[in-house]
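We call the chains A, B, C and D, going by the order they appear; numbering starts again at 1 in every chain.
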C-alpha cells in the first residue's frame, strides 16, 4: 500500500516536472531546454518574495507564476523565434538561457541549504496505515488538477483548440488564421507557468538548490521521450510508468539502480517503439 | 512477349487506420508492357506503387518478380533487383548539382555489379545519362544545383535516376503532371524510347490521351480497388469506368 | 540612404568565379586567393604553440583543439549524414575509458592505448548507437543525449572502472610539445581528410541521405549501412579526443561523460557556422579562449558566457565562418530600390 | 544593419567588461612595504556551499596573518595574497578537465606559491595530485575529498606525492566517529537497531560499509543497508522499510543537498527513530530557519571540528566570532575550520622552514605539531593525512552536533561535548 501511494507521489512529481516541456514541444516543436532554469528561478522568486519583500504566500506564488510565464514568453519572442527551425540552434539557445539563469542565481550567492519555500499544509495523515504528509498528497492533487485543466483547456477553450491545431499541422493552422508566433508565445508562457507550478508544489519537500535544475530538465526530457515527444497525454502515461518503475526498483531491487532504470527505460522505449508510447510521428513518416 | 509475368502482384492490401488504400489488388505485368494505372485522386494508385517498391509495409498479399517473392524485401533491395520508381513529389538531392544527383545511383551496388567496377568516370557517365533524358549537354543546366532546376528538368532527373540503375521495370508516378504540353510532347518519345530499349514500364497518369497512346494495358483503380483492366480500347468502352472515373455521362475526350 | 528604400547587393568577386570548379589555375593571384586562407589556418595552428610562451595558454590551446575536433565530429554527423547527435560526451567517455582501461589493466603503451581507444571506442559507440539509427531528427537527438547520462550511473552503481574515483595514474605525455602537436596535427589531418571525404562519392551518398533517404533507397542503396559508416567516423574522432584527454591529464573518470562535452561542441559549431567543417575550428578558437578570459568574473563567468552565446546564435545564425567566407568571396554595396 | 550593430555591441560590451575587470584585479594587488606577497592559490568550487565557506575562511585566516604583519622569512615580512579560482568541480556535468585547467592556471598564470583548499570532488582531487607533483608545489587539501584513495596513493609513492597534504581527514575517521556515537546511544538509550542509507559515491560507500560491518561486530542489528544514487529525490520507501523493521537509529551517509528531503520527511512521518549521520544539508547555520525548525533533534556529523563553537576548544569560539564579524554569518560549511587551520599550518611550516622552497616547506609540514587549534592538535601521519583522534590534545577531532531549539549543541566526542543527545518528544 505504502509502495502504491508513494509511487503515485513520485509519478505525479515526474508528471508535473515534465508536462510543461511536453506541452511546449507538442505545440510549437520547440525543445525548451530552459525548463530546468525556469523551475529553479520560480523557487528562488517565491523565496525572495516571502523572505526579502515580505509578500504573503498567495501573493508570492501568483507573482512568481506570472513572472516566470512572462520570462518564458520573452525567451520565445526574443531568442527562440529567431532560431526557429534550426534544431541545434534551438537547443543551444534555450539550454544556455537556462544555464544563464541557474548560474546567475548561483553568482548571486544563493547557495547553501537555507533556501526553501513553505509547504501548503504542514502535518501528516495516515492513509491506509501509511503515514503521508499533506504536501505529498497535495502534489497528487495538483498533478491531477493540472492534467484535468490541460484537458479541458485543449478541448473546450479557443486558444486551447488553436494550440491543438498548431500541434497537428502548423501550416494548415496558419491558413485558418491562427497566428503561429502568437500561439507559440502563449504556449511557452503556459509551459513555463507549468514549470513554475511544479516548482511551487515540489520544492517544499526539500530545499532549493541550483543543481536540481539539471535533474529536472533531464527527467522532463526522459518522460517526454518515453511518452512520445509532442504528446502530453503520452507524457502523463510515461510519468506513471517511470514513477512506478522507480519505486518498485527501490522497494524490491535496490535504490542504487533506480536512476539506471529510468535511463534504460528510455533506450528500451526508443528501440522498441521509437515514437514513444503515444507518439504518432513514425506512422506519419511512413507514408511517402 | 513471353507469357510469363515479370512482375506479379497478388492480393496486396494496405489500410491506413481503417481507410483501405489498397484492397486485394492483383495484376500481372509482362515483359515489355507499358501498363497504365488510372483512377481518381486518392484511389490508391501511389500507395500501390509504394507497396510494390516496399516503401510501405504491406498488410497482406504478395509480390513476385520473375517468380521470386519480393514481398518482404526492403525498398533498397527491391530497387537493387531492378524495379525503380519515380516519385510524384520529386525527390532530388536539392543541395547537389544535377549531374552529382546521378553520381549517387551510379555508386549503387547494382551498377557496380553490372559494370563490373569498370564504369569509368562517373561524372561523364552521369552527364551522358542527363543528355539521354534531354538535358542540353553543353549548357549550364547539368551543373546547376537541383534546387533551382525547373519542374520539367526535375521530372527528367527523376527518370534519369531510375535509368542510372539500368532497371528492368520503371514505375513512373505521374511523370506528366504539371508539365506543359510541349514538355509532355518531348517526354512521350522519351518513354517510347525506353520501351523500345526493352524496359518494362508501369505508369500512373491522369493525362489519359498520352497514356492511352503509350500503354498497351490499363488498370483502373477506385477507392483502393481494381475495378477494371484491359486494353485502352476496352477501358474506354467500360461503363463502370465511366461511372467511377469520369462521373456519369461525358465522353472520354475530357482531358 | 534611409533604411527602407535600399537593399544590399552582393556580387561574387571575379577571382572566385575563375578559381571555382576544376579548371586549371595558373595566375599567381588566383592561386594565392585559394591558398592564403588554407595556409593561414595550417601555419597559424602550427606556429601558435611556438609564439605562446605561457604554458597555461598552451594547455588552453590543447583544449581548443579538443573542442574543435568534437565539434567537427558533430558537424559531420549533422550536416553530412543528417543525424543530430547531442551525445558527443558518449564518444569522449567511451574513448577515454577504453584507452584508460587498456592502459592501466593491460599495460598498453600510451601510443597503442590511444589508437586502441580511438577505434575500439568508435566501434563500441557505433554499436551502441546502432538501434537508434533508423530514427530521424529530434528522436535520435534526444536518445543520443541520454546515452552519456546513463554511463556514469552504471559505473557508479556497479562500482567498475574505479567507480566515482575514476582511473588515476594514467601515463601522461612526455612534454608540453607532444601535448600540443599531437592534437594539432590530428586536427588538421582530420579536417582535410573529412573535407576530401565529403566531396568523394561516399560523401555524396551521405549528403544524399541527408537530403532525402527515400531517393537513396529508390536507387538501390542501403541507408543504414552508410549511416553506420558515418557514425563510425564521427565517433572515432570523438573517441580520439577522449583518449587524448585521458593521457593529457593522466586520469579517467565519470565526468568524461559530462554534459559539457555534449553541449559545448554544438555551441562551437553553431558559432563557427554549422555545415562548415573549418567553422568548427574558428568557433572553438573564439569560444574556448573567451571562456578562459571570462574566468576573471568568477561565478558570473558561465552566465555571461551563455548570454554571449545566445547573442551569437540569435544575431548571427549563419555563423562566423559563413560570414567570413561571404566577405572574402563577395563584395557588397547598398543599392537603391 | 541593426542586427550588425547590436551584434557588435554585444561583443564590444563583453570585452569592455573583461578588460575592466582585469584592471580592477590589477589595482587590487596593492603595493606592500617589503617582501613580495606570497600567493596562496585556492582552487575551489565557489558556486557551492563548501567552496564559498572555504574561500571565506581562507581569506579570513590570511587577513588575520597579514594584520599581524604577514610571514617573516629571512628578515623580510611577506604578506599573504589569496587567489581564489572557480573550479566548478562540484557541478554536475562539468568535466574534471576544467577543474584541472584551473589548478594549472593558479600554478602557472597566477604564480601561486602554495595551494590550500580544493579541489573538492575526490575524482578531481586525485587527478590534481599528479599536477601538483608535476609542478612541485605544496598543496594542503582542506575541504572535501575525504576518499582513502589519497592515503593509498601517497603510501604507494611517497616521493612523487610528497607535496600533497590533507587536513580534511578521511572517511574512515568519519566511520569511527559514527560508531562511537552509536555506541554511546546504545549505552544511554539501549538503541541497537540501525538502518543505514548510504550515497552511491566512493567515500560514502566505503565509510557506510565499514560502519555497517563494525556495528555488526559490536552486536548491533542492521535492519537495512541501502545505497542511493546522487540526486535521488525520494526516500519514502527507505523510511517505510525502516519503520517496519522498527529501527531505532536511521543513519544516512550523504553529501548531496537532497538529504534535506529525507530530513523533512523524517520529521513529517514522526519516525520512531533518531536521525543521526552525515547529512551535509544540516551542517548549514541557517538550516534551522531554512526548514522552519523541522530539523530539530537531528544529530549531524561534522568532518572536522571548529565550525560549531564549543568551550572545550577555546580557539573555535574565537574563530566563529571572527568569522561572524567578517562575513556576517557563522561558518557555513563543515570544512571551514579545517581550511582556516590549513593556512595557519602552512604559515607555521614556512616559519620553521625559513624559506618558501616547496621541498623544505613540505619537509617542515611533515613535522608539524600545533596544539590548541580550532580542531585540536594538528599533526600529519606518514600518508600526509591529518592525525585524527577523539581527544583534542591528541589529534584533530571530528564533531557531532545536534539541533536543539535553533542552536547546534556539540554532543560528541565527550571530550569537547557541551551537551548530551536528546530524543525527540514523540520518541519518549
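The criterion applied here is as follows: a residue touches a chain if its C-beta (ideal position, glycine included) is under 8 Å from a C-beta of that chain, and two chains touch if they have at least 3 such contacts.
Model, not experiment: these values are computed from the prediction.
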Given chain A and chain B, the chains that contact each of them: C
Label of the chain whose CA centroid is most distant from the centroid of chain B: D
Between chain B and chain D, centroid-to-centroid distance (C-alpha), Å: 74
Geometric centre distance via CA averages, chain D-chain A, whole Å: 35
Approximate Å spacing (C-alpha centroids) for the pair chain C, chain D: 38
Between chain A and chain C, centroid-to-centroid distance (C-alpha), Å: 32
Residues of chain B engaged with two or more neighbouring chains: 55, 87
Multi-chain contact residues (two or more partners), chain C: 153, 156-157, 214, 259, 298-299, 301-302, 315
Per-residue multi-chain contacts in chain D, two or more chains: 47, 92-93, 200, 229
Sites on chain B touched by chain C in the complex: 53, 55, 74-77, 79-80, 84-85, 87, 91-96, 100, 103-105, 107-110, 122, 161-162, 164-165
Contact footprint of chain C on chain A as seen in their complex: 31, 78-79, 82-83, 86-89, 91-93, 95-97, 99-100, 103-104, 106-107, 214, 218, 221-222, 224-225, 229, 256-257, 259-260, 263-264, 266-267, 270-271, 274-275, 281, 285, 288
Residues of chain A touching chain D in the complex: 2-3, 6, 9-10, 13, 103, 106-107, 109, 111-116, 118, 122-124, 130-131, 133, 135-136, 205-207, 209-212, 214-215, 246-247, 250-251, 254-256, 258-260
Complex contacts: residues of chain C adjacent to chain D: 3, 54-56, 59-60, 63, 153, 156-157, 159, 163-166, 168-169, 172, 245, 248-251, 253-256, 258-261, 290, 292-299, 301-302, 304, 308, 311, 315-316
Complex contacts: residues of chain C adjacent to chain B: 201, 204-205, 207-208, 210-212, 214-223
